[in-house]
Structure formats: C-alpha cells, structure tokens
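Structures incoming, each one as structure tokens.
Here chain A shows up in two complexes: once beside chain B, once beside chain C.
Let's turn to the complex of A and B:
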C-alpha cells in the first residue's frame, strides 16, 4: 500500500509539472555551479599569469601556483551554497504539495474510506518525496561529473566517491526540509500559512541560527568562502554550545570535508556532524506520523 | 479632500488593519524583529568594549601630553549592518506576503465584487492598497530603526548624532522603496494567476533569484574571492599590484558588475551600507558626496518601485471583479 500511495503521489507531482520544474531548476543550478567553477579556474589562471609577469618585471621571484591551494572538487563549492538555498526551498514545496493537495481537494476524506492506514498514507508520501529528491540528486551528480571532466580533464575514483558522498549527504539534508513542508501542511489550516510557516523555519535554519551560534551575517551565508568571524564575546561562548544543532552549518562543514575544500577533521568528527541532520529527519518523520493520526481530514484547507 | 482621495484613504486604512490581523505576517514579523534585535545587541556589546578601549587610549595619551591622537576607527552606524541584511532578505519576503494577502484576501472572502460595485476605480484600489502597505512598512522600519538606535545608545554607549540620524533616515526611505517594490511584485503575481498560492510561489521564485542568487553570483565571480584569505594575498600582491592586474580584467569586471546591477537587493544594500558607514571607503565623506556616489542605486530603486507600482495599477484595473480562483 505504501508503494501504491508513493506511485500515485509521484504521478501527481509529474502531472503538476513539479517533477519537471524541480529537476530542471536543480540541473540548471548544478550547471551554473560548474560554469562558476570554470570561471573561477579561468580567472585564477589569468591572474596568476599576470602576477608572474608583474613580479618578473619587478625582479621578484614568481609566486606559488595557487592551484596547489585549490582542491580538485572545489569547482563544486557553490553547490554547498545552492543546496541549502534553492534545493531546500524546492524540497519544502514538494513536501508541502504532497499533503496540502489532498486536504484542499478533499481527496483525503475519500482515501480513508479505503483499506489504508494513516501511517501507510504518510509513509507513502514521504517515500515519493524522498524518491524524487534522490533522482534529482543523482541527476545533479551526473552534471557535476561532466563539469569536473570538462574543466579538470580527469576524475579519479576517489573524487567520484567523494562526489557520491556529497550528494547522499545533500539528499539527507533536503529530506529534512521536505518533512518540514509536510509538518507545516498538517499544522496550519490555511495553505498560505502552511507555506509561509515552512519558509519561516527555512529562514531561521539558514540565516538566523548561524548568526546566533557562529556570528555569521546573513549575506556571509551566500558565499562559499567564509572568513572566520570573531566569536570571543560571552554571548557566543554561550551560544556556540548550540552549534551542533545548527544543521546548515553541520551540512556545510561535512560537505567541505567530503569535497576536500575544508580542513580535514577525523572520520569520527565528520560522522558526529552528520548526526544532527539524521536526527532531525527521524524526529520530523515521527512528528509527521503522529500529527497525521490526529489530523481532521473532514475540514478542507483554505487558500488565504 | 476630494471624493477620490477619501476612497483611496479608506482602502489604505482597510489594508493596514487587515494586514495587522494576519497570522502569517505576524510569524514573519516576529522572526525579523528577533533576528534584528539579537544582531544589533551582539554588535553593540562588542562595540562598547572597543569604545572603552579607545577611550582609555585617548585618556592615557592626553595624560602624557600627546597632541596628535589617532581618531577613533569605530563607526557606530555600521553596527546596523545585520539589521539591513535581514531587511533585505526577510523584509522582502514580508513585503511579498503582504502583496499576496492583499489580493488573495479579497478573492477568498469574495469581497472584490463588493468593492468594485462601489464607485471605486482600479487605480484608486491599487493606490489605496499601496498606501496601506507603505503604512505597514513605515511602522516596521521605524520600529526596527528605533530598537537599533536605542540599543546602540544604551548597550553600545554611543548615541548617534543629528547628521547620522539624517543618513539613517535616508537608508530607511531606501528600505521603504525596496519593500514597496516587492509588495507590488507579490500582488501582481497573485492577481495574474488563477490559484493565489501559485502566485505566491512565483513571487518567491523571483525573490530567490533577485535577492539571493544574483548577488551570490556577483560575489563568487569577484577575482579576489577565489581563494580563502584572498587570491591577491595568496599571490603576494599588494594593493598596487592588485590594481595593475585588474586593469587586464575590465571586460570581466563589467560582466560581474552587470550581474549585480540586475539585482534590486544589491542596489538597496549598496545605498544602505554607504549611508550607515558599513564600507570604510565611504566613511571620510559627507552626505552630498555619498548621494552623488550612490545616484545610480537611488535611480534603480526609484525605477523598480515606480515600474512595479504602475504594473500593479494596470493589473488591478484589468482584473475581473468576479473571482476566478478560490479554494484549491
């Protein structure tokens, strides 16, 4: 029954063109990250050539090659920004639509006259959303491989493994937001309130919490290269303890480690940083399962 | 007062009161105010300790009879940077939400046919709604600025001077133009589609592009941003070397600047940062110089707000009084 509901939901997402629009958006974003990575590569080469010429004219030794400072997969560093910005908003909308449509069109009432439990219903919806996100991430991985081969001319087996790890992590991160979209759809009676509450959660996780725990200003979250911020104040000494709960920071830290663009911590530290993301996904799944049992499908959701 | 003005003011009052009753808006307002308050609190606390250090240095220098004392490098208004950044991101979402609610409320409650049955033209409806929204934004911006200024004075121990108050007021006016443009966007997108929630999604998609993606691309393409700590520093180049290298990148820089210019958020940010001393290069100059330097940003802000208001007026004038959407 779970797979039947999942198939029906996947079909609905296709009919609403969500699958096409979502996939096209994420592929365009991945291609853009590749182009930006290529542009960055090209700019560094040109700046390096000019710097060598300038230093030679001044009788100074040539500077060190900056590519020695830049790891292979740094080409994709923009994806670490785009997944929490664009990918998570897409996941929110997919999760929101998965539940809100049945409430708005009152099909939920009809559905529960059949031999289907509420747990099966919601697990089927979750399966459809996570499957869609997995397919999207797999397609993005293929575009990333193509971008890396074009720019770096080669791709080692280790790099492919790291890339796969990064997209699995991204899938887990996006699942959290699909579940947030579902939970707010069950909590709010108005469709717009459900969507805006989900966006409120997204804003808090993406921009507000990192400022509280690490002193990162909102616009600093948009740049893949973030300068360290002074957090010596008593305020940050207190809030830094909550840093492990800031899932966007944990996602960026683990992504940097996997892609090799951040300092390499131990495997234990990396696994520990993944725990909050996985815990959030499990907790939200339980909350959605609990909330759906008590949801009144006799009252349809309104649009204001 | 003419009858038309009275009708416009009535619509504006209705818009203002209805917005205050919305729970969605309240949730977003609470997030904005809390984030801004904490951001200013943290900056002001840090500033207070830096100011105390500078005062101690000045007192020691004066006690030793030194005549040349280094001026303070601190800029109190720059502590409001976080507030402006939150206004840029969350404020724009609030404005879109208000625009969305303004149209969807009349449709869902089926009050649009009632409104249009009165001698109320589309232009009067658009102007009244727009003025009501401006009233909400003015309240929001004034409250945020007041909280910021009081926090700077009481926690940072530095009250802003009259010239600084004038510059802050101008930055607030820019915020008003910025939010009004997004309000019009939200209302137009909602009025144009059959299911209002889809209009909200479209407007949020445009917000994502204009507020987050375009500035992000512009920042990422900055030549110096290619390596942690700066590419030019990694290559051992000083400022003169950097300038010499960048002369070979005029075309590239033009493209990068063009991408940033397409973003309304970037124009608001540049103007607000110039007015609030966030960028060090602007600090030595007076208001006339700053206004001249940022005239391009002022022009873009005015142009966006005007064009989108005209678009809203056109959309509402052409809107059918019979609702085409409803429960979805």
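Let's turn to the complex of A and C:
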C-alpha cells in the first residue's frame, strides 16, 4: 500500500509538472553555482597573478598563490546558500501538494473507505516526496561533478565522496521542509492558508531563527574569527547556545566542513551539527503521522 | 428478514455538544436498495460517514456484513463501496488511472483489468483515457460509481447521488443502481432528497428527523400504510408530522 501511494503521488507530481519545473530549477541553480564559483576563483587567481607580475617587475619576491590551494569543492560554495533558499521552497511545495489535494478535492474520503490505513497513506506520501528530492539531489550531484571536471580537469575519490555526502545532507535538510509542507497542509482548514503557513515557517527557519542565534553575534562578519568578542555578555552567550536550534546554521556548518570552506572544522562538531537536522526530520514525521490519524477526512478543506 | 447486511444499534454521534444521531436502530437486509431520507442536517451524511469508517461514533455500534465499523475496519472496507456527494478524483490522472489506483488500495490484485472491466460494465470505456479534470458532472458521477464498485463490494453507499445531475443523468444513475443490485447482488444504501427517485428505485426507506429514525419500512408497506397520500412526498411530510 505504501508503494502504491508513493507511485501515485510521483505520477501526480509529474502530471502537475512539479517534477520537471523543480528538477530544471535545481539543475539551473547548480550550474549557476558552478559557473559563479569558477568565475570568482578565476578572477581572484588572475588578480593575484597580475600582482605577482607587477611585484616581479619591481624586483620583489612574490609568495605562491594561496588561492590555488583551495579545495576543489569550494567552487560549489554557493550551493550552501541556494539549497536553503530555493531548494527548501521547492520541498515545501512538494510536501504541501502531497497532502492538500486529498483534502481540497475530498479524495481522502475515497482513500480511507478502502484497505489503506492512514499511517500507510502518509508514509507513502513521505516516500514519494523524499524520492523526488533524492532524484533531484542526485541530478544536482551529476551536474556538480560535470562542472568540477570541466573546471579542475579531474576529481579525486575523496572529492566524489564529499560531494555525495553534501547532497545526502542536503536531501535530509530538504526532507525537513517537505514535512513542514505536509504538516501545515494537515493543520490548516483552508488550502491557501496551508501554503501561507508553510511559507511562514520557512521564513522563520531560514531567516528569523538564524538572526536570533549566530546572526546576533556582532563579530560574525569578521571571519575567520570563530569566537565572538561579545561572548562575555549573557545575552550573546544565550543566543550562541541556542545555535543548535537553527537548522540552517547547522546545515551551513556541516556543508562548510564537507566542501572545505569552513575555517577550522572538527569531526565532533560536524557530527553534532547533523543531529538537529535529523531530529527535526524525525520529530516532523511523528507529528505528521499523529495528525493524519486525527484528521477529519469527512470534511474537505476549502479555498474560500 | 434475512440476515441483515447493515445493522445499527443505538448509534449516536455528537459534534461537541450537538447530538446529531440519537440512538438509531436499523437493520437492512441483503439485496435491499435502502433510501435514507431526511431534511438537511438530519444526520444522514454523519450516519454514512460512520458506516464507511470515516467517522468514529460517540455511542452505539454499527456493523457491515457482521463486522464492526470501528474495531473491524479492515474487513468492513473490503465489503463496501462509497460514492460521496460531489465526488471528485485526481483531475490530472485519467479515469483508468484513477480506477486502477483505487482498486489497488482496495486490495485488488489485477487492478488494471478490474478498472477496464468496470468501465466496460458501466458503458464508459470511452472515458478511460481522458483526464478526470476535464469531465462534466455527469461523467464524474459515472466514474464515481465505477470507483465505488471496482473491487466488487457487497454494500454500496451513495451520498446524494443525483445532486447536480440533469434528468438524463438521473435516469442513467437509477438504471445503474438497479443493474448493480440485480446483476451483482449489491445492497445499496442511498442518502437522498429526491423522493421521486426513491419511489422508483428503492425497496425500503428510513426517515431521519433531527438525528432520530422516525420511520423504517418497505416501500410496499409504506404505500399500504398511507393509502390516502398521493405520493411519497406526501407520505414523507405525513411521517414528519407524526414524529414526536
């Protein structure tokens, strides 16, 4: 039953052109991240080379170009911004669509007078959403590999492993937003309100919570300083301790470590940073499962 | 009466403080076409929601083919087909795809064949490859009936099946209900306002008034009991007047 529900949901996503639009958007974004990463790297290297040439002309010694030592995957650093902004919105819509139609069109009444249980139903929907996100991330990974091979000529096995790790992490992160879309679809009485609520949650997670955690640190802009100057003050200490609540920050931390753009990463910190993302996904799954058990499918959600 | 297929004992349902079903006792025998009548808000749809396992009653019991609708949900859903009022399906999918999906959820092993056979049986094979989103009300109703019988249930629940249909559609629906009852031996439980249809298609009727079952008998016995009334509409009004 779970796979039947999942297959039907995937078919619906294809027919609604969500699969095509979502995939095209994410592939375009990945390609853009590659181009921008290559462009900025190329520009910096050329500026440095020009400076070296001028210094050599003046008879002065020049140090080796430090930018050539940057990790290969750092070219994709923009993806760490695009996935929380664009990818999470896409995941939100996919999650929303997965459940809202069965309420708005009252098809839920046709489903739950059959053999399928509500748990099977919602697990099937989650499977469809996570499968869609997995396919999208896999396609993005392929585009990333292509972009990196074009720019760097070759990729090491370690780079490929890290890239896979980054997209698995992104998949887990996006799953959280698909579940948010599902939960708000179950909680809202009106279809339009469901999507608005989901977007409200997205705004809070993506922009508000980070502002109240790491975003409040006045010295954050002075990277690579990791310890802010103001940590002696109780307020900043409290907001710093609340940082695990910001899954965006955790995502950026782990992504930075994987792509090699974080200043001083440690394995322990990286693993700890994954915990809030996985916990959020598990908690939301349980909430969606609980809510669907108590949802009144005899009544339909309206657009009024 | 032969062994009842549908049995309600002291069935109650309450929405917050509002008691919408009051100790309803009802037995419907196999092969009957039962017309459930009542004013708007009488509790007909609530009763149907309970019988189709969508709603859990706050009191009493209801059984379908001997299975309790609350504790034996899995067995009950195997026995029933349901056509909601204003039926809609997945508009982006074709009629055949909708039917195939719903057949699979009913545990039908060869869902594709079941979907095709059902469409053929109802004479709407021409709709199989068309997307449901493009259908008229009448077409939607025909596909709605198809989804309700695709797994060959024993009991068919129809909630206001003629609402929104033109006269041709109403006649077609009536013939389909009679055909299903005759050919497949389905017991039909129908919520309706259309008294003219009830007199043409139903074998027994029940009248619900403010959540209370005030009348339940066969059409023949009803016509005998109220010989002075010209139509079922007059009888319905008379029954309402006699209610305590």
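Basically, the second predicted complex is superposed on the first by the 272 of 304 C-alpha atoms of A that agree within 3 Å, B and C clash if a C-alpha of one lies under 4 Å from a C-alpha of the other, contacts with A are read in each partner's own complex, and residues count from 1 in each chain.
Here is the rule we go by: contacts are C-beta pairs under 8 Å (C-beta built on N, C-alpha and C of every residue); 3 or more make two chains touch, one makes a residue touch a chain.
From a predicted model like this one, the values you see are computed outputs, not experimental measurements.
Of the two partners chain B and chain C, it is B that touches the larger number of chain A residues. By the document's definition of touching, of the two partners only chain B reaches A:93; chain C does not. In the superposed model, A:78 makes contact with chain B only, not with chain C.
With both structures placed on the common chain, the touch criterion links A:54 to chain B but leaves chain C unconnected. Using the contact criterion defined above for the overlaid structures, shared-chain residue A:156 touches neither chain B nor chain C, since it reaches no partner.
By the document's definition of touching, of the two partners only chain C reaches A:112; chain B does not. By the touch criterion defined above, A:211 reaches chain B but does not reach chain C. In the superposition on chain A, A:293 makes contact with neither chain B nor chain C. Applying the stated touch rule to the two superposed structures, the overlap between the chain B and chain C interfaces on chain A comprises residues 105. For chain B in complex with chain A, the touching residues are 23-24, 27-28, 31, 34-35, 38-39, 41-42, 45-46, 81-82, 85-86, 88-90, 93, 97, 100-101, 104-105, 108-109, 195-197, 200-201, 204, 208, 212-213, 215-217, 219-221, 223, 225-229, 231-232, 234-237, 241, 244-245, 248-249, 252, 269, 325-328. Those residues of chain A lying in contact with chain C across their complex are 1, 4-5, 8, 11-12, 15-16, 101, 105-107, 109-116, 296-298.
Residues of chain A touching chain B in their complex: 32, 36, 39-40, 43-44, 46-48, 50-51, 54-55, 63-64, 66, 69-70, 78, 81, 85-86, 89, 93, 104-105, 190-193, 195-197, 199-200, 203-204, 207-208, 211-212, 215, 217-219, 222-225, 227, 230, 233, 235-236, 300, 302-304.
Residues 45, 49, 52-55, 74, 77-78, 80, 82, 84, 86-93, 97, 101-102, 104-107, 147, 151 of chain C touch chain A in their complex.
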